[in-house]
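The same subunit A turns up in both complexes below, where it pairs with subunit B and then with subunit C.
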Partner chain A sequence: MFKYVGKRLLASTITLIIILTTVFVLMRQMPIEGYFDNFDKVDQAVINAKLEQLGLRDPMPVQLKNFFAGLLRGDLGVSNRYRTGAPIASIIAAKAPISIQMGLLSMAVSLLLGIPLGAKMARSKSKLWDKLGTGFIVFINAVPAAVYYIYLQSYGSKALDIPMLFKPDSAISWVLPVLSMSLGSIAYYAMWLRRYMVDEMNKDYVKLARAKGVATRDITMGHVFRNAFVPMIQYIPSSLLFTISGSIYIESLYSIPGMGGLLVDVITRQDNTMVQALVMLYASIGIIGMLLGDLLMVLIDPRISFSKREGVR
Partner chain B sequence: MSETTKTPEPVLQVKDLNVKFSLRGRVLHAIRGVTMDIYRGESLAIVGESGSGKSVLTKTFMGLLDQNGWVDSGSIVFEGEDLTTFSAEKDWLRIRGRKIAMVLQDPMTSLNPLKTIGKQIGEALMLHQGLKGEEADKRIQEVLLDVGIDEPARRMKQYPHQFSGGMRQRVVIAIAIACQSQILICDEPTTALDVTIQAQILQLIRNLIHKYDLTAVYITHDLGVVANIADRIAVMYAGDIVEIGTCEEIFYDPRHPYTWALLSSLPQLGRKGEALYAIKGTPPNLFNEVVGDAFAPRNPHALNIDFRERPPYFDVSPTHRVRSWLEDPRAPKVEPPEILKRIREQGGSLYEHC
Partner chain C sequence: MSQNNKERKLHTGLEESARRNDFDMAVYSEQAAERTGFSNYSYWGSTIRVFFQNRLAASLMALLVLLVVFTMIQPYLPRQYEATRVINHPITRMQMSNVGPGFSNVHYTAPAGVELVLTPYDDPEWAAVSNMLLTLRARTPFTVVEYGEQWCLVEVGEQTGYVRNDFSTKLRLPDDPTAVPYESRSNFPIQVYTSPEDYTNQGTELFVRRSQLDIAPDGLSATTRENAQLRLLPNEAPFLFGTNNAGQDMWSMVWSGTRTSLFIGFMVALLEAVIGITIGVLWGYVRKLDRLLTEIYNVINNIPTTIVLIMFAYIMRPGIQTLIFSMTITGWVSMARFVRNQIVIIRDRDYNLASRCLGTGTFRIITRNLLPYLVSVIMLRMALAIPGAIGSEVFITYIGLGLPVSIPSLGNLINVGRKLVTTSLAYQLIFPTVVLSIVTISFYIIGNAFADAADPRNHV
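Let's turn to the complex of A and B:
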């Protein structure tokens, strides 16, 4: 087990280095105009000085070496365009909490609603609940999210009699953004759980369980649900970790001061250090999320094992 | 070999049972008026080709028909109760596992892959005998030993994927035994296993039936298997029992042309250089109402009346009944195919049980 995790971590580090190098080099291929607000009107001497200051004049290997050396010291660097001179760590520290809180809340809501919905749909397959649920899932997947987000915002705020925009201190103003964020994943969890449960219900072991006298309710909970949840559990850690990235659209719709859209923002403004820091953050989250997902699978599915087969047959 | 000289006591009585399924808006008549008794302590084999209704018939004993199927008419009397009147799951839970247990065809899929086999056996013990904890563990190890699994204390903590196909079927049998029911239904228990394992599993089931004093119903399409295990044989065709009798009667004195055809197709009867016998045509489509004898269109000996009217049962002996017009005194004399004589010649190598 430890050997496996060690191997995976090593592979992950290499992946991360490759990603960071690629992004680092790509950012340097952008036209230098992007580093200035009014490039045409800026004096050549100023341009030179700025490029020098950003370290863009050094040969690429030297720039890379400096970057990784900084990372090793735990130094993410300072923002050089987005909020010039501000340490990146503090920028993220200011924005991340609200996105994480909102993301976690929305995830809790999605699981609490999506899982029972999926289970109910599977249990009443091709009956009323299944049809209603399918209608909901099709709606959520077919209609562009932006459309129902806007409806939810305008009608929701009217119905609840609250301002359209978000206020961190007012609990009720969390309702609409969290709900908007949840709808997609409710549909997602419900759809896949229903599908996996229906798959499991048709398996022979369910027939045998019925034949040995287990009540339907106990079969659904004790056999079917648990087995159906295995393939879903793998993605839970990633979803949890990615709550930090926030939602571009919802955060701008309700003007929530979160992480959503930050990456896009700093890319368009060519804030190299910010881009690097965010890419590193998101890539690490992706890698760790997958690793945790795999470990979780091992914990709950006895058929998966790290060690070589014991040769029982 | 059957030493049943005392009058057999029926434990389960099926009377004029009709089962229908609705499929894509059409109605399929899967069981067409089956009447039979199952006697206490006997081993009854139900044979017939795929789709003849063998499995469906036994599923009605446990209320395990698929959702689109229903008992249309008839009765199944077990311990003084008519099982066809059961509608609530609560009623069936008194029967399933507790009174009638089942072994399914494919051991590779009939166990839950995520639960240890100890838990899966324990589930049955808990339900039917209320055993828990150490008591249950002890009993689990006993039944595992019963089905020939060594080191039960270690094995009960293992998962199905750590067992081979034959071993898994032993576990499935252990679950059925753990229920301590009266009737054991084995739905093609060896079809998914390879030949060497088949014999072991059949022997095991025979031993356990003896040890636990069970009534057994085997469903199979393998007459070789039947010969080895059954006291009585019921031959099913197109949702009906066309012939039922003791093992000897069916093998040595078959009367229904379908039974003849089925026995003639036994590969064991083939001789080198001779083409193996195969029944021509296909079974009737049970979406349509069958008129006359269902086998008539494939029957080279069919009489005119076979196409018009369904034959009643004729008693050949007190234990042997046939649904064929050939048994009518007015019918012309038709000799069974020559090849069937080889069963007597080969008797020993075909089976040694009855």
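Let's turn to the complex of A and C:
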């Protein structure tokens, strides 16, 4: 097992380095306006001095070396346009908590609603509940999120008679953002749980249990559900980690001062160093989440062998 | 008991018919024997039959085909505005902003005998009219000769006409306003109309066919001859979906946007399929490449697709090519992996082994033996890639990296419209979202129904 974990860790580290290097090199291709908050007004000498100071005139390998050295010290660089001179790490530290809170809440909501929905759909296959749930899943998957978020915001705030924008102190203004954030993952959990449970129900051990006279309820809850839930566990670490990134749509729609809105902000202001730092952060979260998910799967499901991963030969 | 009865009946029946010589001895015939060995099962025939048994998917398919055909021919239909043209009022040159949606551009229908004022407009067919006699400057005095809750008949110098009596004019009235005549004035500039109606579009002229008017010899005034249609513009083209703030026709904007979005969707689906299949086949069939491509896959698959999309859209210049490129660069991976897995499963089956032993070339094995198995699922993935691409376009536009407003797309129409959602201009959001939802839901349901139909287990 340790051999597997070690190998997996090594692979993830290499992937991470490759991705960070690619992002760094690509970002260097951006116009240099993105490093100045008043590019049009400064003269050439100042521009040169600043580029020199940022190390942008160095050859690429040197830049990369300095960048990784900074990264190891936890230094992501400074913002140049969004908040001139502020260290990016401190900007992120100020923004992340609210995104994490909101993300965790929405994850709880979606697990609490999505999993019962999926289980209910699987138990009443091709009956009313299944059809209603399928309609919901099709709608959420097919209609772009932007569209139903906008309608939910405007009509939801009218119906509940609450302000459209988010205020951290008033509990009721958390309802709509959290609900909007959950809809997608409710549909996701319900869809996959239903599919896995329906697959599981057709297996021989279920037939045997039924033939032995085990109650349907005990079969679905005790065997089918537990087996069907295992493949979904893989995604839980990723979802947990991604609460940091916030939801880009929701946060800018409700003007929540979190990480998702931050990305949109720095993109529209073309703050190169900030975009770079955020893209790298999200990419790293993706990789680490995947790694943790795989490890968790291995721990929980005894049927998975340590030496070989499923699907990869 | 009844079982026995039935059996006995059958026996007596058989005996009877044997007595009547109902049966002939069957002779062995090669043709007849061959017929039983033949099944008219065809994969595609059954797929299509099962697909059309799904009523919902079949009708959505018809709807979608109509919709796609319509978006293609819409600019060539009569009475259409150009999508990005800013429509101006021909006389004032002001933009026709935020005109509500309607089935015709008739603003009012005036009954016969209404007195109208002509504005000089050089057109053989159309006349520019209003019933606005003159505009009084603020605080100009006039005499009220007849009082009404909404309109007052007034005299100014030689002329008589109607003025509005509401919050927009705030006439200065005595305590008993019905005791006419008396002098009055307003603190605002006010308009005097020939009749107690407002036959203008917020103060600008309307257009009517000259044939519906009796024009006075001096050419400055006219009366309507019959029910006259006073139109917003000197033509009969309606603003079916209204106009936006810039004065562009939403109907043609929506269809032009649908065209752009569908184009992006189709291109992304096509490129994903081409790249994905090519690489997937190589990955699955050429064993030496397996290791390398698997590693590349692991790297790409680890990054959230949204982040890649955002990064490329950020680095490159905004435009259709950029969007297609940045969506394709993440999308081909899953297709390639799927094709690879399937190829690995079927490449070593006996018939391929036999084929290879007979000296069939690799290319022929791939195109003739392997790919036909995958066609149905590849089509499913392409069908699902289209709504995905349209959704990504909306997302990228939302965060400010999408197409410039000069190229209408469903994404930037929705992005403009979403700021108006709670206002009376919400139609500028509703129309694009309805069209978008129809397109994406149809592709999604059709894709899934097709996948079910293409599964041979459902061909019973």
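Points to keep in mind about this one:
As a convention for this text, the second predicted complex is superposed on the first by the 279 of 313 C-alpha atoms of A that agree within 3 Å, B and C clash if a C-alpha of one lies under 4 Å from a C-alpha of the other, contacts with A are read in each partner's own complex, and residues count from 1 in each chain.
Methods note: contacts are C-beta pairs under 8 Å (C-beta built on N, C-alpha and C of every residue); 3 or more make two chains touch, one makes a residue touch a chain.
All values reported here derive from a predicted model rather than from experimental measurement.
In the superposition on chain A, contact of A:D204 is made with subunit B only, not with subunit C. Touch criterion met: A:K212 reaches subunit B, while subunit C stays clear of it.
By the document's definition of touching, neither partner reaches A:A159: not subunit B, not subunit C. With both structures placed on the common chain, the touch criterion links A:Y249 to subunit C but leaves subunit B unconnected.
Once chain A of one complex is fitted onto chain A of the other, the partner contacts of A:I19 are limited to subunit C, with no touch recorded for subunit B.
Contacts of A:D301 after superposition: subunit B is touched, whereas subunit C is not reached. Counting the residues of subunit A touched by each of subunit B and subunit C gives the higher count for C.
Of the two partner chains placed by the overlay, only subunit C lies in contact with A:M27; subunit B stays clear of it. Of the two partner chains placed by the overlay, only subunit B lies in contact with A:N227; subunit C stays clear of it. Residues 312-313 of subunit A contact both subunit B in one complex and subunit C in the other. On subunit A, the positions that touch subunit C within their shared complex are 11-12, 15, 18-19, 23, 26-27, 29-30, 138-139, 141-147, 150-151, 153-154, 158, 242, 248-249, 252, 263-264, 267-268, 275, 279, 282-283, 285-287, 290, 311-313. Looking at the complex, you find that subunit A touches subunit B at residues 203-205, 207-216, 223, 226-227, 230, 300-303, 310, 312-313. The residues of subunit C lying in touch with subunit A in their complex are 290, 294, 298-299, 302-304, 306-307, 310-311, 314-315, 341, 344, 387, 390-391, 394-395, 398-401, 414-415, 418, 421-422, 429, 433, 436-437, 440-441, 443-445.
Across the interface of their complex, subunit A is touched by residues 62, 64, 89, 93, 95-98, 101-102, 104, 106, 109-116, 123-124, 127-128, 158-159, 161-164, 172, 175-176, 179 of subunit B.
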